[in-house]
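One structure follows; several queries about it will come next.
Which chain is which? They are A, B, C, D, E and F, in the order written, and residues in each are numbered from 1.
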Amino acid sequence: MEPIITFISENLVMIYVVVLAVFLGYELISNVPTVLHTPLMSGANAISGVVIIGAIILLRQADPSDFLALGLGFAGIVLGTINVVGGHAVTDRMLEMFKKKK
Amino acid sequence: MEPIITFISENLVMIYVVVLAVFLGYELISNVPTVLHTPLMSGANAISGVVIIGAIILLRQADPSDFLALGLGFAGIVLGTINVVGGHAVTDRMLEMFKKKK
Amino acid sequence: MTIQLLVDLGYLISVILFIVGLRRLSSPKSARSGNLLAALGMGLATVITLFMPLEQAQDAMIAYILILAGIVVGSVIGWVAARRVAMTAMPQMVSIFNGLGGACAVAISMVELQGIQTAYETGQGVAGGVHFTALMAMFVGAIAFTGSLIAYGKLQGLINDRKVRLPQPTLINLILLLVLIGGITYKMVDPQLPYTLVLGIMGLALVYGITFVIPIGGADMPVVISLLNAFTGVAAALAGLVYGNQVMLVGGILVGSSGTILTVLMCEAMNRSLLNVIIGGFGSTGGAAAAVGDQVAREISANDAAILLRYSNQVVMVPGYGMAVAQAQKVAHELEEVLEENGVNVAYAIHPVAGRMPGHMNVLLAEADVSYDKLKDLDDANKLLRDTDVVIVVGANDVVNPSAKDDPGSPIYGMPILDVLDSKNTIVLKRSMSPGYAGIQNPLFFHEKNRMLFGDAKDSLQKMVNEVRALG
Amino acid sequence: MTIQLLVDLGYLISVILFIVGLRRLSSPKSARSGNLLAALGMGLATVITLFMPLEQAQDAMIAYILILAGIVVGSVIGWVAARRVAMTAMPQMVSIFNGLGGACAVAISMVELQGIQTAYETGQGVAGGVHFTALMAMFVGAIAFTGSLIAYGKLQGLINDRKVRLPQPTLINLILLLVLIGGITYKMVDPQLPYTLVLGIMGLALVYGITFVIPIGGADMPVVISLLNAFTGVAAALAGLVYGNQVMLVGGILVGSSGTILTVLMCEAMNRSLLNVIIGGFGSTGGAAAAVGDQVAREISANDAAILLRYSNQVVMVPGYGMAVAQAQKVAHELEEVLEENGVNVAYAIHPVAGRMPGHMNVLLAEADVSYDKLKDLDDANKLLRDTDVVIVVGANDVVNPSAKDDPGSPIYGMPILDVLDSKNTIVLKRSMSPGYAGIQNPLFFHEKNRMLFGDAKDSLQKMVNEVRALG
Amino acid sequence: MLIGVLASPTDKRVGIIPESVKKLSQQGFSVVVESGAGEKAYFPNAFYEEMGASLNSREEVLKQSDILVSVEAPELTELTALGDKKIVVSLFNPLVETEFVSQIQSLPIHAFSLDRIPRTTIAQSMDVLSSMASLAGYKAVLVAANHLPGYFPMLMTAAGTIPPAQVLILGAGVAGLQAIATARRLGARVSAFDVRSAVKEEVQSLGAKFIEVEGAQEDADAGGYAVTQSEAYKKRQQALIHDQAVKSDVVITTAQIPGRTAPILIFKDTVDSMKPGSVIVDLAAISGGNCELTQNDKIIQHKGVTLIGNSNLPGEMSNHASKLFSNNCVNFLSYIFPEGKGELDLENEIVKGTLIS
Amino acid sequence: MLIGVLASPTDKRVGIIPESVKKLSQQGFSVVVESGAGEKAYFPNAFYEEMGASLNSREEVLKQSDILVSVEAPELTELTALGDKKIVVSLFNPLVETEFVSQIQSLPIHAFSLDRIPRTTIAQSMDVLSSMASLAGYKAVLVAANHLPGYFPMLMTAAGTIPPAQVLILGAGVAGLQAIATARRLGARVSAFDVRSAVKEEVQSLGAKFIEVEGAQEDADAGGYAVTQSEAYKKRQQALIHDQAVKSDVVITTAQIPGRTAPILIFKDTVDSMKPGSVIVDLAAISGGNCELTQNDKIIQHKGVTLIGNSNLPGEMSNHASKLFSNNCVNFLSYIFPEGKGELDLENEIVKGTLIS
């Protein structure tokens, strides 16, 4: 128990951030029309590519001799970037049909 | 500048809390039907009575000889409680008409 | 340590209750429970605050007595006031409550500011952020306080828009605001400045609250109250920062942001901008009443009309020539259907001379496929009207003109009419205050039971249909 | 110090862009800009991360080369893949992308975990929270990774639901999950345990991702992808906690929570519970296709139908006897009106023998007050159909049966029909696959241009009206 | 007071129906009915007796009653034979039957002509003209549809598409509006024309197209009735009506100006150019007709066009027509004699308007 | 091939209208028309000539043509005088006119009776019975409304409330359904009854109430036609119909069983108890009528009830009736003689069904 309690009180504000973000995520999309389910999923998926931030930090912190870290980091960046770039691009294509009128 | 910058980096997570709460507040009620404007205002007003928390803390921290603090604290508690209790009660009355059916 | 965990969790739960409460408050079906949840959150936060470990706690006996006494006194006053107030006076009540919240923020900030002052004077360091925050809490709280009281006065009719006026209100307010900002900046730059400055700032802020609201028209008071409510929220949040208290911070911010949006939404509902409301002052046209001579006909929004209908048991529509002109028969039928879906009984009262030819209404309603059984003729309708909650007069005029009964001087005196005033409420849908075929004014429009919904009948009905649907 | 401020502000702006982006993504009118805003936020966060001061930064040349190379390679692959993919294969693509995001989380967590392992082994202290978080990030990322690949395989038709099956899937999954939780707990309790355990956990998590998705029917894959997307978001957030990085944390949480809700909404749209989807597996009936013999008719939801209609230029409704039975003429007219309001041209194609008496459709549509000018007879309709984007067949059957043209063996061979297949899409509204008056099956239903919308025509049309209205 | 209900030899309607007998007795009147008066309106003697009226011969009814009610005005001889102070309520059509009316003006009776009820809101419940015009408008469409050798509504059938009938209504007063409504019900496309531009809104409120001719004269003091128009206007009007009529399958004319011959709106050459099989119903036949070729109370064929000049269409709907007439009459009697007795208020607008002798 | 169009002495319809002449020539037929054949349907000779048909006397038309089209069957003498292999298309009503048909069966001609087109989806474009029944259903309501001494729709007026007319339709085939639709259009409350329970849904789809009698016999093989019913069923049915009819203002009967006398649905005592002024239109008059009192082609009054036994209502709408007949006929001819010539396919269902000699 002890370490968890410490963790909680140390990161109390962080926990507020998490709780608020959870509610916010819920509220943001709770009124989405069914037609947007797929594009929204795709867009959210692209956002989940933020992990590349982690990969970048990892590589910047990596020892140049630590090939495992370098390799996995590189892999992470490639994979994450595909997720981000491909995700946003594919979402944009899905949403093209909405631009026509009005 | 300096103290503000310090303030910001010291309270960075707090700022996230504020930003998220602002967005959340917006999202929470952005779809409210006009008929609920007044009850919602009243309900929110009751919530804004959280200041009594401050008044309680104030009194608990007050020196028993500091009559100004005691007096203002007491006034704060009375005023705040009226806000909270009266606010919720009045909101409930406004909303009574919604309970009838379905 | 474990107690601290409980406190933290308890506060977190309070915050979540606030969030969920606000959320539920914004939908008619769950609004009541939302209010209760928020109240629960508040209760939880209060209890926790009463007993939580507090570093600088003195926890004097007298303090606890004052706290409990304050809570009891406040609760009783608040409860009784809330129960006693008439339905129509509720906005005023909310305004008063809000003012008190603002006053509370002022009270505690002043104490804190004095503490800070002492700290500065005794040379102890105080974080600049805390000082600033406390000043702002006081400032914002003060505006909310006096502003709300003025709003109350206006709504209650104690302060007359036309009599109590400010010369050059925008200029005065601008100057006041600049002076206030200057004062706060001054105090921040040199915290050693005497406490009198703080008192001066408070005094000016209280004045500013008054001058801020005075120029705004009485009809716009609901918007102002909502805005001041957001101010109180911000004041609470700032106080929360001072105390490093999460519940106050998040709760306050939530109220501040949702209150602001609500204010904007309210302005939108009146087709105006917030700026227009605040600066516009008297120039505003959005008054909720249309006057002919010295008589005043009150208006209703489609939304309020919708809620009135949705929660009725018996609704009667009175079609007239205006329904024919607007070709609103189908939408009328749609409104009937959506109301019936919600368990409301709907009938049509057909006056024998409604329209411009015998059976005009029959032709139109048959076209819209309204069931024959729902059509009531004069006698049946007048019986039904006695048990009717809301009558919607769809572009009829002469056939619901009470002068035919009351005013022997009227050219239509003696004509049987639909006694819509036997019902609890009437809503008249027409485009203007102009008279009908007989060319005579209609006292119904000015009756206290009646509200006008101006606009083309088809549009108005469509709006009502949409609003009733939105009520779910 | 000032740089740190810039970094903090930049990150904050990224987060706000994510929030606003998600918000805008959930409304058709703003969805595109929402996507772009989110992308902008991502770009900003990336640039900041590249250059921000970092305490433990080694900033080796090779690292920067790898970073840039990785970004270039990833961008090119992602971009090309996204541009090349066929409209119909987009869900698969999203699934793949999501899987890669999960893999990325696994990759970085493994590195971090190794670092933590070393720290523990060399006796340096590591906060228990960080260790746990990294383990969870790896675990959740791994499930998202392999799960998404399986979902891709199912959607792409590479994995056949019927052939690739698991015996006792629920049991297997439960056991796997327990073992995984046990492993993580074990490692947490005794952090000194060898790194092999971590590798083992990773391996098992990857397997669990596969066994989690395998039992779920192909038709439910969109829901699964959405769920796995939420997983990736959570993994990102956890990784963010490891790095103490706000953007990752908030961005990840936002995706995690909105993804979860989206999953629930998707299940609701199919009238099922999430549990039912995950556990139900093959038992599920919600397949998006109705089969007669070995022919399969594909279904469409009212929502997708609505969007198809809303963004068309020309829509033609083909009423038949089913419209009469459902008494759907008024709702058909309502759909016509709401589409026309949105700039869509709508006409009705009336087949001479539609219904059960000469002029049956005319009688009904006249009752609903459809303008005579909108009614097209066989010849005009067939001309118009060539330029039609969507045909809605409202309870008609024989009159749109292509066998009358193609199949000399058909009893109605030679009868002129409405050539609805000359249009781009057709949607058939009926209650079942049962035939019409002539008692013969209709190949139209199985045509690739056609989608079925099962249910009473009036209900289906009403749903479409509501959905089109919701599109605003 | 005793009300006597007379039969109308050439009209199928009856002035008071059995249902009204009850109402009248509640108000203190008693009723005697000429035997067989309601027969043609499907109100047999038995129905009257059930409701408490007594039956008698025409002579007796004339002799006994204080108030006489008849749809058709009684013979001059009969009126002359009446005693002092008797009251006669009927349709005297005083603006046209000037000679007859001037003769009865010398008699010591009070004659009320129900066709002179003012067109005000308060008087609407006694307004026989409105009730009858409404019947006529409805019936005119039915008669036209019956004479048209085809369908009114649009039908798309396996044997070809039938386009909707084009119906043109000239004069959109009470009859015209009812005709519009009925034709629209049957599925026709309807256009209408009237000199009074106020009618435009009313026409459109019934879903028909209003044909506008610019520059019409209007007289707000005419109490809702039309006034005669200028020459230039008449030319433009004529051309427009011609164009519309030629396109139409059915033309129904209702244009009247009280006390004058009806305006000619359809000329011979227009009829000549109309489609074979088309139908014209002229409701103004009695005052000369709106069509040049109309013959009162005759149905004629002209180059394949059927011209119907029936002046008493309400009489064809004798049952409902009698019901409405009777209700109007009861409302009128209870208005001028509250509670079944009392002096006439000669200052009252309605009394002034209807009293012709 | 030359098509000859004959006039029908006692029927206002014509078999081929001018518009169809054009279509037929495009398909390789030429057309000769008996002078005046279209007159009564408002298709004057000039219209035919404009479309490229030639005009001639009846004798010449009979002599020249390969195919003869006539609404009314030609005289036996005329048919006998025709040469070999001639084709005659008409309405022979073979199930009833058995004697006449057996006589022409011995002639060396091909006689097609269009009233024998099978009731299948593919044949609908040639189905004269459907087209004519639809006309009859529509017209029946108009005739009823015209004879009813009152309004169909509900009207709430200053002179009292008129309740909507109650209309009862017996037999909901093509004519019955069209009658339902038309009566509903005019604002009546409609109920309908039919032995075939499948019709229930169709009746409701037109907004009318379906009256159900339990236990009807049905025969799926009868091709959509009704079959005769059991005694117990008939009793229940009779009681129910009686109750309904007595409440109704208008009764329209269309019940028929091909080749038999029509079932009696309305008995004398029912008519006796109906309201004075009510109207019965019996579309089955030609096969004996659905009402005991019906007299074919006569309008009679029985105790205040009007009984209309008009057997040829479509003929009253001669213009549209001819148009529909003509289109059916053209579809039929182009179906059995694709491109204007060719041998008859005697195996074809439609040919088999209609060929009576």
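Quick notes on this structure:
Following the convention adopted for this analysis, a contact is a pair of C-beta atoms (placed from the backbone, for glycine too) under 8 Å apart; a residue touches a chain by one contact, two chains touch by 3 or more.
Note that this is a predicted model, so its numbers are computed, not measured.
Chains touching both chain B and chain D: A, C. Here the chain-to-chain distance from chain B to chain E, counted in touching steps, is 2.
Set against one another, C-D and C-E show the most C-beta pairs in contact at C-E. Of all chains, the one whose CA centroid is most distant from that of chain F is B. Ranked by separation of Cα centres from chain D, the top chain is E. Computed centre separation for the pair chain C/chain F is 69 angstrom, with centres defined by C-alpha atoms.
Separation between the centroids of chain A and chain E, computed from CA atoms only, is 81 Å. Mean C-alpha positions place chain B and chain C at a centre distance of 18 Å. Residue positions of chain B touching 2 or more other chains, listed in rising order: 13-14, 16-17, 20-21, 23-24, 27-28, 31.
Counting partners per residue, chain F has 124-125, 130-131, 134, 153, 155, 157-160, 162, 185, 187 as the residues that reach two or more other chains.
Residues of chain D in contact with two or more other chains: 19, 23, 246, 250, 352-353, 358-359, 363, 366-367, 369.
Chain pairs recorded as touching, per the definition above, are A-B, A-C, A-D, B-C, B-D, C-D, C-E, C-F, D-E, D-F, E-F. Within the complex formed with chain C, the residues of chain A that make contact are 2, 5, 8-9, 12-13, 15-16, 19-20, 23, 27.
Against chain C, in their complex, chain B makes its touches with residues 3, 7, 11, 14, 17-18, 21-26, 28-64, 68-70, 72-102. Those residues of chain D that touch chain C in the shared complex are 330, 367, 369. Here chain B touches chain A in the complex through residues 13-14, 16-17, 20-21, 23-24, 27-28, 31, going by the rule given at the top.
Here chain E touches chain D in the complex through residues 153-162, 164, 187, 189, 207, going by the rule given at the top.
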